[in-house]
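The following blocks contain the structures, represented as structure tokens.
Shared between the two complexes below is chain A, which pairs with chain B and chain C, respectively.
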Partner chain A sequence: MKQTSSIKGHWELFKEYVKLNLATALEYRFSFVVQTITMVLNDITWLIFWWIFFTKFGSLNGWQIEHILVLYALLNLSYGLAGMFFGNKNHISSMISEGRLDFYINFPKNILFHVLISRSNWFGVGDALFGLILAAITLSLKQWPLFLLLTLSSTIIFVSFAVLAHSLAFYFGNSSETSRSLNMGIVTMSSYPSQMFGGVAKFLMLTVFPAGFISGIPVQLLYQFNWFWLISTILFSLMFLATSIYFFYKGLRKYESGSMITSRI
Partner chain B sequence: MAAIIKVENISKEFRIKEKEPGLKGSLKSLFTSKYKSIDAVDNISFNVNKGEVVGFIGPNGAGKSTTIKMMTGILFPSSGKINVINYDPQKERKKLAFKVGTVFGQKPQLWYHLPAIDTFNLFAKIYEIPEKQYQQRLKELIKTFEVEEVINQPVRKLSLGQRMRCEMIASLLHNPEVLFLDEPTIGMDIVAKKRIRELIKNLNENDGVTVILTSHDLEDVEQVCKRLIIINNGKIVYDGSTKGIREKYLNFKIIQVILNEKTESLNLGLKNVKAVFKGKFRHVIEIDTSKHPIQEVVKKIVSKYNVEDINILDPPIEEIISRIYQNKTDHKDQKWD
Partner chain C sequence: MGLTKYWESCKISLYNSLVYKADFISNSLFIGLIIFIFVYLWKAVYGSGHGVIEGFTISMMVWYFVMTESIVTAPGRLIEEIGEDVQSGEIATKLNKPYNSVLFKYAYNMGQTLLRFILTFLVGGIIAFLFLGGVEINWLTLPLVGIVIILALTLHFCMMMLLGIFTFWFEDAKALNFLYNKIIFVFGGMLLPLEIFPQWLAKISAVMPFSFVAYHPARLFVIFNLNNFIRTIFLELIWIALFSGLIAIFYKSFIKKISINGG
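Let's turn to the complex of A and B:
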């Protein structure tokens, strides 16, 4: 029997979870389809709002409707991917307070990675598809490699931010609502042109509440490429990931488990 | 024989926030937080040898599950040392996980909406078991646990007993040396419990798996374990043979009788029968089984009274613990066998 866990082993596990989660979603096909359609309709509503805005005002600090379309493409694709493949990110705090991390600690795998991949929000498929369609409409072929790289970095920031927000439960007990509000906050902030913000808000958006690195800076990079900001964005996403991992494992030492009767759904 | 598990002076302290009742208390707690420390496990030590089956019993909140969780690396002890198969569960969690299996009766591992076979396949990936080896092991386990008919049905449709057998298979796929079972028979009927007990015994006798079993069902541990550790308020109050406990403290049973007619008290004309509760229709008595066989007492009750229902129960664990304390006070220098 093996005694170590390889990277290949983690990759195989990731693939197995994708299959298993898809099988679970298919058990509830109707709910899956309804959720997906609802998400797409929600996204379209926002685009209609922005279309009316730009028709009336022309531009916003240099931003045109096409920039908004790219922002939505990037935001939807990265948020959708984060939900599809790391769907447990928004459940970490309740898992901590209800003692549901026991299951993961008992296995010879990286705990945080295992937690994140073990659930999928398949309605993220709707977001991701919508993002891809928007990107196909607005981007030229040569913009695609950069777009995909920036999508990856935004996905990493989304997941890391959720891990940080939900790990608060290790330190403050049941923090599910706070963590959820913080996550909603970063999605909302990311869905506005970053040029709208200045001063302290801008500083926060490039540090602890990094909505600027999720959407604003990537959209600018796609139209005005700049090596400094590209490297900064990539480095920031990796550093943010490392911080979230540190914060999670530091908190894990305080984990108190629990005796709540649970089931794996 | 070499100890496979060494637990030395471990304690686990939990900090619990105290709040006065009501809205006033909630508002007050916003500004002044009071914490209380609770010793869930208080300086306990024991060793377990390879091939042993050890039962952990104690009332709810005694510290049984907390101890198991520290041995498997889920919880960090506040102080003390643990060594399981030469690994430190907290520092070498991943290595240890390849060698031990865990079943938590109240925390199922199986996917509720999917067939058990899907979870087995996932676990094979988690433990990185080569496909051929996995298929062979799965075949053996399915046969031993008699679940051929149910592994392709969604887990939500299985009975508790069937589900627990599948849970055990999931924990045994990687051939663990030590199996931790936390309340594996919780909520089961007598037949299902009996089957699970037999399977645990077989695992130990045929495959040499060391088993640590927690339960608050005395019969579970009495049937399966040769050694018993009784925990109360985070402390070990007994560590010795099950036989010793059976002879000293399990020599009495509780009989609950419901009669069809009003009766002031059960008069059986037997010594060593103590009335525990006297109602109009319901009566509870305690009998010393070393003096009167249970059949004799039941026969007497049925022949003398018009009985609607009768229940024979083991004494509650709290009663045994209190008798142990009593015995310790009475025989301060006595050593456990």
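Let's turn to the complex of A and C:
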């Protein structure tokens, strides 16, 4: 079956899913508002932690509270966008182990793309909103184009990492908890100044566990621009995306349908 | 005889947890990663010339964190579990059983909680030991610290149970769980001991219930002091009594609003 229909077709599908997911979220308006406010409060609590830390210690390997604010702006916006538009990334492993990919396989659109966009995580709205507010407070107008470009590359890495982590289910069966832990791990690693890590940890953060490319290097770039690291970051995010797509489709060959009859309402 | 059923439910949950080894291992690995991050964080801080910070050496600081992390993460996503029971109406099926459903939940959860606590402490302890070595502990006072920890876990349960019941009105258990955890992380002193806080904030946080879940037990673990022990136990019991009272009131009001249809 031909899976690659036009880019326009995929864009239309993406728009339809965004509308549909938003309509679903607004149907449960109270819950949607509560989730958004909670995520903002949740993010503020992290900032209070760093405020306490830097009030006591002043700086950490050259990082100060301003760096943390930019880090959280970038991290929250990219993580929020990944959740809002590719919210199914955190459910891939359970779909694989329960044999629920059949619907997507039979649909004449790119399977992975369709899987990713078919659900939104509206907790992401709170994160994205918080990231935007922080960025508006901390960045100058001149820094915005670079900030948005780096946000895009971090979003790509977040989505790709989730695809890789959840594709483990093709090889190991039900690996939902492991995939969830790996995803939580990369978010956690990304939320600390990368300058404090050294040795093996630093190597891992620039390769298989790319927290460094999600937040540490982008924050450095916003303060001290460097073409080499900008190109490396963009290339890395694209290579990581390509790897995750390859890994997913390679795993898909092992997929066994559960012959589950489901209704999508 | 009356309490045997609760003890049995505690044992059942312990056995059930042992079946889902993968969940436990991946959860412990994640917690291990966080402790690993904190080892680096404190290394960066202490590396810049601090020998002792507010009475804590670097190993005491990391072992303190191992203890707070082990306590705070032990009950798992309890608020979400209770919230699911409350919102799905599943809780109604437990009302006609010959036990107190809150006590039953406590006993059942405690089985898993204790196992998670031990596993997290082991994983965290190994990482702390490998990077920074051990910490000086008075073995004679360790059982006393154990009592404080059990009470801390009980207080943690009470607060989560109350929030779980609130999901009947609030609707979103996940959001409540997120927020409660972050409050414990920061104001409960899970991530940083209160000595690091600005004085005014430390004073407020020290009397709040959240710090009796994380800060006070972990501080006693690394710096034992009899007066602090007595004060901690006393205040933990007061907070547990207060939250138990609130649970009783809100649970009663919640039960009145449940309508059971069919059989």
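The criterion applied here is as follows: the second predicted complex is superposed on the first by the 254 of 265 C-alpha atoms of A that agree within 3 Å, B and C clash if a C-alpha of one lies under 4 Å from a C-alpha of the other, contacts with A are read in each partner's own complex, and residues count from 1 in each chain.
Please note the rule applied: a residue touches a chain if its C-beta (ideal position, glycine included) is under 8 Å from a C-beta of that chain, and two chains touch if they have at least 3 such contacts.
Since we're looking at a predicted model, the values are computed, not measured.
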Check your understanding: Is A:100 touching the first partner chain B, the second partner chain C, both, or neither of them?
Key -> first
**Study point:** Complex contacts: residues of chain C adjacent to chain A
**Key:** 22-23, 26-27, 29-30, 33-34, 36-37, 40-41, 43-45, 170-172, 174-176, 178-179, 182-183, 185-186, 191-192, 196-198, 201
Exercise for review: Would you mind writing out the residues of chain B in touch with chain A in their complex?
Suggested key: 14, 17, 65-66, 69, 72-76, 93-95, 97-98, 102, 104, 106-114, 118, 121-122, 125-129, 154, 174-175
Revision key, fill the gap. Interface with chain B, chain A side, in the complex: residues 1-6, 9, 12-13, 16-17, 20, 23-24, 27, 99-103, 105-109, 173, 253, 255-257, 259-265
Practice item. Would you pull the chain A residues touching chain C in the complex into a rising list? Key: 30-31, 34-35, 38-39, 41-42, 45-46, 48-49, 52-53, 55-57, 60-61, 123, 174-175, 177-178, 180-181, 184-185, 188-189, 192, 195-198, 201
